[in-house]
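These notes are about the structure you will find just below.
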Amino acid sequence: MSITKPSITPSVTHTSVPAETSVPAVSESRSQADRFLAVRGLTDALTASLSAEDQTPQSMTDASPVKWHRAHVTWFFEEFILRNDPSYVVYDESFRYLFNSYYEAVGARHPRPERGLVTRPGVADVGHYREYVDNAMVDVLERGALDDDVLALVELGCHHEQQHQELLLMDLKHLFSTHAFAPVYVERVADESGTPDPLTWRSVAGGVKEIGAGSGASGPGQFGAGSGASGPGQFGAGSGASGPGQFGAGSGSGFSYDNEGPRHRVFLEDFEIAERAVTNAEWLEFIADDGYRRPEFWLSDGWAHIRETGWQAPGYWQQVDGEWTTFTLSGRRRLVLDEPVLHVSFYEADAYARWAGVRLPTEFEWETAAVTGSSTRGQLLDPARCHPGRAGSTMIGDTWQWTASAYLPYPGFVPANGAVGEYNGKFMSDQHVLRGASAVTPRGHERATYRNFFPASARWAFSGLRLAR
Amino acid sequence: MSITKPSITPSVTHTSVPAETSVPAVSESRSQADRFLAVRGLTDALTASLSAEDQTPQSMTDASPVKWHRAHVTWFFEEFILRNDPSYVVYDESFRYLFNSYYEAVGARHPRPERGLVTRPGVADVGHYREYVDNAMVDVLERGALDDDVLALVELGCHHEQQHQELLLMDLKHLFSTHAFAPVYVERVADESGTPDPLTWRSVAGGVKEIGAGSGASGPGQFGAGSGASGPGQFGAGSGASGPGQFGAGSGSGFSYDNEGPRHRVFLEDFEIAERAVTNAEWLEFIADDGYRRPEFWLSDGWAHIRETGWQAPGYWQQVDGEWTTFTLSGRRRLVLDEPVLHVSFYEADAYARWAGVRLPTEFEWETAAVTGSSTRGQLLDPARCHPGRAGSTMIGDTWQWTASAYLPYPGFVPANGAVGEYNGKFMSDQHVLRGASAVTPRGHERATYRNFFPASARWAFSGLRLAR
Amino acid sequence: MSITKPSITPSVTHTSVPAETSVPAVSESRSQADRFLAVRGLTDALTASLSAEDQTPQSMTDASPVKWHRAHVTWFFEEFILRNDPSYVVYDESFRYLFNSYYEAVGARHPRPERGLVTRPGVADVGHYREYVDNAMVDVLERGALDDDVLALVELGCHHEQQHQELLLMDLKHLFSTHAFAPVYVERVADESGTPDPLTWRSVAGGVKEIGAGSGASGPGQFGAGSGASGPGQFGAGSGASGPGQFGAGSGSGFSYDNEGPRHRVFLEDFEIAERAVTNAEWLEFIADDGYRRPEFWLSDGWAHIRETGWQAPGYWQQVDGEWTTFTLSGRRRLVLDEPVLHVSFYEADAYARWAGVRLPTEFEWETAAVTGSSTRGQLLDPARCHPGRAGSTMIGDTWQWTASAYLPYPGFVPANGAVGEYNGKFMSDQHVLRGASAVTPRGHERATYRNFFPASARWAFSGLRLAR
Amino acid sequence: MSITKPSITPSVTHTSVPAETSVPAVSESRSQADRFLAVRGLTDALTASLSAEDQTPQSMTDASPVKWHRAHVTWFFEEFILRNDPSYVVYDESFRYLFNSYYEAVGARHPRPERGLVTRPGVADVGHYREYVDNAMVDVLERGALDDDVLALVELGCHHEQQHQELLLMDLKHLFSTHAFAPVYVERVADESGTPDPLTWRSVAGGVKEIGAGSGASGPGQFGAGSGASGPGQFGAGSGASGPGQFGAGSGSGFSYDNEGPRHRVFLEDFEIAERAVTNAEWLEFIADDGYRRPEFWLSDGWAHIRETGWQAPGYWQQVDGEWTTFTLSGRRRLVLDEPVLHVSFYEADAYARWAGVRLPTEFEWETAAVTGSSTRGQLLDPARCHPGRAGSTMIGDTWQWTASAYLPYPGFVPANGAVGEYNGKFMSDQHVLRGASAVTPRGHERATYRNFFPASARWAFSGLRLAR
């Protein structure tokens, strides 16, 4: 065994992790075991500074304890890869019950609203569990015995863990926000609030467009990766026909979730899309113009929701001594005016667009714009900096962007067989699609076809908006 | 004034109303006042047999008292047409507060969950209100003084009242279903349960299709009726370019709601759609196969919902002495096996389709099939018969059919100006589209482009499903 | 049969009912049938002016529809008296299910929160039911065939109906109060707001006191009527001297509920009790002194309750144009300053007393004061006047008065056998005792030993307070 | 400073703590500082084996995290004693907000339902806080500078901490019970299930009895300590003879809470009281006789509650493979038949008594029996054994016993001045009194006049019952 597994409990603090090198991009060439360990190592780095107390509670049903995230992503590898190895000895059979998230096919599981009450295993034992599974995974990967279907599940497991890296930061932010004295997770890099650039628009021509991940030329019924052929399997999205100008250009590895396919055609009218996200400065104008008090801007459900909740500003915003502040992973801070607005719900995003006299883009418009135009990449997850960059010419990074689209299956979508088929498909009702990626999305987890989704009222994600017309 | 207004409290009971003649189809030529009075008269006919007690309560927040429906549709004409007439004397200023449904632009209104507590005005006074407004409306219509924009609102008001005719029967059914002793609204026409026809499929070729109401040739940005030009206005959907084989062929009158437009293009793959709706007999097989107990068929929200509610069968179904019965407007009755299943939620429809190995059609597939194929018309509202016909080769009538589509604005959709702009647009989140029409949809209110919508869990509508693949 | 039953639907309106003569006092000598019909007639008189719509809804779970009250009190006689008569033909078997209130021993019953959805039987049919049962009751009473145990149940049924007369007015007041336009049940007798008398105190010497209804000289274990001997049974507590004709037998002390006995001894310290109830004028001082905003006056549960509900004044109070008004059965009106405060909860009464530096009396202190001192009688139910008199030297009448006592069984209390044993006993937890009687308590239903009870947060009863120290 | 403060984080585990010696009884003679440190040390001993994860969550609103308990009792000394010392430097001003429980007079505080979300300070910092306050307290006690009023508050603080020792074990038990795999807090001492003794009754003669803590010969208005005279004030009720050194002054009667006074007279009839508590064996008979399914035994609220919750057995009971088990601080175990039943609500206790044809004693009967008869003392808190002994002839220990009494102020009760006046008085509504003490009540905290109280539905206390008739 030539791979040396890095320590799972790095003695370095998160601020000293060299972000650019610690998170290998998908496109880099390295062995599967390296890739696996790199993803796992980032989870450890992100949580190393958190105490057992910080990792235990669950601040709302939608959120989960940090400790639970760390164990759940580990269970995923144990459940879907290692249990298929007859020589593997399960670490603790009770963990299947405790750390299954929502896979009905796997059996009974701990009630979600009570995840914060599971004091045992403790943080140290979860660390041992991670180490144990890491060793076993490295072992099977090194042996090279896994067939392509299972390797595809390893890849899925890595992306699953990356997804949870973002979720655990969202959940941690929510937990810390309930504390009266605003704990700091990471010190903020000092940068001053500036004046946002003026909003400009990009025109995109309509017509029949190809949407989604998968092999390019899709005739009816054709679904590249889903055919079970070689390649990374159902979750690897085909031949990587990404040309110049496309995100992840030349990556080839081309993983995608099942919900990003099949690649298919849609008809779009001509449209224009904003070159940058809506900023905090612009949102202040909406508030100043009584945006939260004028029903004409709001969907009926949205209006009912803000009356019930009393919302008068985005999530985590609070007026302190007459000035708007927001809670961040660096504590409570003054608003930075030229950053994208964060933590707005779909209702708020939609109302803002109506107030502005325009609309949200559909996810098809968004994707078409993302793959055809050119744009810089925004801030992605850097353990030393958990906040977006200044809103600029970027489609991906800084903030998730609500679209006008409901989260529905693409034509011809069929979930994967077995329990992992529950990964995405069963949530396709009453969720709204967000595109892009945020300042806490791990590098290598972002892509133009990525479909993030949340209910219309959710706003603990790093969610903003981009306008269209 | 040559028009004689019919009595608002017909001495004939609803069973003696000659249904075919009492509800003039939109396509027939007659004066506006006649058309208006015919619609109004049907409401009266439908409610004539109901006591003051029957008309007063509200059995759930989503439902409204019959009395309220009768007053609300009347208020609609008063608010949006008559109040613009300087000579009109408002019947009772308090009714604006009591009978506004959800128009924020009109001002404060009675809380929806308390509609059943409004004992005054009583049923008799609501009758006087109806008569008063009828007289005033006939007067303005006879005078011919209304311009096209206002005439379009009259047309909207008539369709609004037709919509409430269906709603009041849905709500009455729900109210009566809460009664331990199953009251009868209308005696059932005797017809026996038969064996449903075998399910057959129709193939429809894909490509770019035109969807929605409005003038045919839609270039980008073109929105026929919405342009404020002549014709029936925003709610009348343009030039009536309906060709042969289309429902309402040659009608030309062509009313549609704003949410049915603009007419626009979508790209569809080839698909097949079932020739008839799913029947009670088929639903019994789903139940027998433990359909309500196997999570693999259900959306996550749907599974959570049936576990919370304990649903094990469609709405109103109940096992009595080991046999399935359903509550109907003719009391509790044995299931008729070859009728379409009714009162299923979107969650159930979706789970059934997955159990059957197929799926629900999108609303675009449904509409494309409806306007291109040929099919008989099913049962529509007949005051003497409030149940569907035998499930047969019909797209429209008998039962609403859940589609796979979320209720979203069509590209280029802009709500009408003023309060009536709230009619449809503000509900475009977390609702699911149903197409077709049911056995309690008034004749003349059905059309191929009609977009009905309800939340995924709702099942007090006459809602069933049709399969696609 | 020499008795002529009065019409159950008096053509006179309630305002023309001569209150003093229409409600025979218990003490007057008249036949049992007369007594029965007099009680029944008052219910009819109180509800004659109410429409079917007014009588149908239920404005909260604790309240019931007027129609339901009218049918329920009738069912009580049918269930507990007439069904024992083999020759009696039940009016409608379904009514046992619909109009049983809470008697588990009688079997299944309609869910309480859905009483407002029972549209059938209608008001007219309930009227026929009342007439039918009245005739049957008069018949059995005239025949003189009932033994003493059953006659005691007739007496209980009459008091039960009287209790519901007050309840239906409480419930009607609540229903009407939800209406935006303040309906009037009875026109108010004009009388002006005056200045309340200064508060004076009565001293009562302590020692061992006898409390409750029953034969006087109570040795340990002695309990006159409760001993199971002959006589009117548990519900005719009296002196034991009750032979045939006991109800209305001129005893004056007469009837009492089982929860008023056994008569027993308690030890009291010396105390002082206020000569009159707390007035609206005094309550305004409490509000002005921030009584609702200072936690130091409130029980913990009370403080939580007013923060949750936002209460800032007694029930039905509302500031209109800067002036306090209250909703009454005569519509919304300015506060009358020298009337007793009404519609306060136990929490508020207790907080007021603490604010005033004193306390509420125990029910034993209250009763001792009521039977030893002299006081005028306040306003009782007069169909032409549903509001209290000016607060004066009265213990009984005008307003119920919260005491410091929890509603608990007296030593030796044993509920009656059979379903009527559920009348009072099963509510003996988490209720608080009120003493006195209110302006809507029927004459003949008030007495010094009467124990009314409600939860600490309830305030739809006509409930005020009297101070002690 | 001659006192050596013991380590606050004993390296010994709880099982090695010599229970008999570690908890000095109140009656023993030792210095105030020793007494203080002994109480503090027991808290540390009880929690030493619990991880940070175990100490963090809150499993229901009524419960609190172990960590919170440890900090809150410390804050009590800081708030009410040390802050009065001008030289004292507050450990952390934010703790006043975080660890105030319910004292309105102290100011804003962290919302109770979110105590489990306070991850910072962590367990280690709470340990430092405890040490810091201990040192400061020992310092002021050693200096002898505190006047009697403040010394009384120290004594109150010690009893407060003892009360929280029991609460933290109740709360920990609840938390652990939510875990699917039944964690063990302390290994159970092996003892076998036996056959309970037959139930025997003790007769107690009635008459005027003295009840409560305080000086004996109570004329009207006389209330020893409460009269504001010298002595430790309201919280050291005692004989009035308490000079300096009063707490632990060898009086025996010693300390009592304000709610146990004033001592006053009540009149009791003769009664009988059971010699032992109801056992698990007897409760199984109640279950077998359908006790949870027969409404005739239940108070109305209780019946509603068990139908809503589905309760069919006491708290923590569960049938495993057809056999009843219960969750204990030693994990899930078979029922021990001759132990007192635990974790029943007032509703269940009351229903059981009615099923048994008898009743619960009032708190006055209980206290009279406890102070006049002779009885052995049952199991009290022993860190090595957290379960009751075999039900035998004991009034105090093993299990709290629900009484028939509501928790109300004694005649003449006046809460203490200042924030500590909120300690007991403001909970005097809708709570029910329990008497005795349980297997997790610290030694020295039990007494015959002690009034414990919980709502009728609560059952996470170690609550059983004793019968009377």
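Points to keep in mind about this one:
The chains carry the letters A, B, C and D, assigned in the order they are written, with residues numbered from 1 in each.
Heads up, the rule we're going with is that a contact is a pair of C-beta atoms (placed from the backbone, for glycine too) under 8 Å apart; a residue touches a chain by one contact, two chains touch by 3 or more.
As the structure is a prediction and not an experimental result, all values here were calculated from the model.
The set of chains touching chain A and also touching chain D is empty.
Centres computed as Cα averages put chain A at a distance of 40 Å from chain B.
Chain geometry summary: the mean Cα position of chain B and that of chain C are 48 Å apart.
For the pair chain B and chain D, the distance between mean C-alpha positions equals 62 Å. Under the touch rule stated earlier, the contacting chain pairs are A-B, A-D, B-C, C-D. Those residues of chain A that touch chain B in the shared complex are 102, 104-105, 206, 208, 220-221, 264-267, 269-270, 295-296, 298-303, 346-347, 350, 404-406, 408-409, 411-412, 422, 426-430, 432, 456. Looking at the complex, you find that chain D touches chain A at residues 51-57, 59, 67, 94, 97-98, 110, 114, 116-120, 122-123, 175, 178-181, 183.
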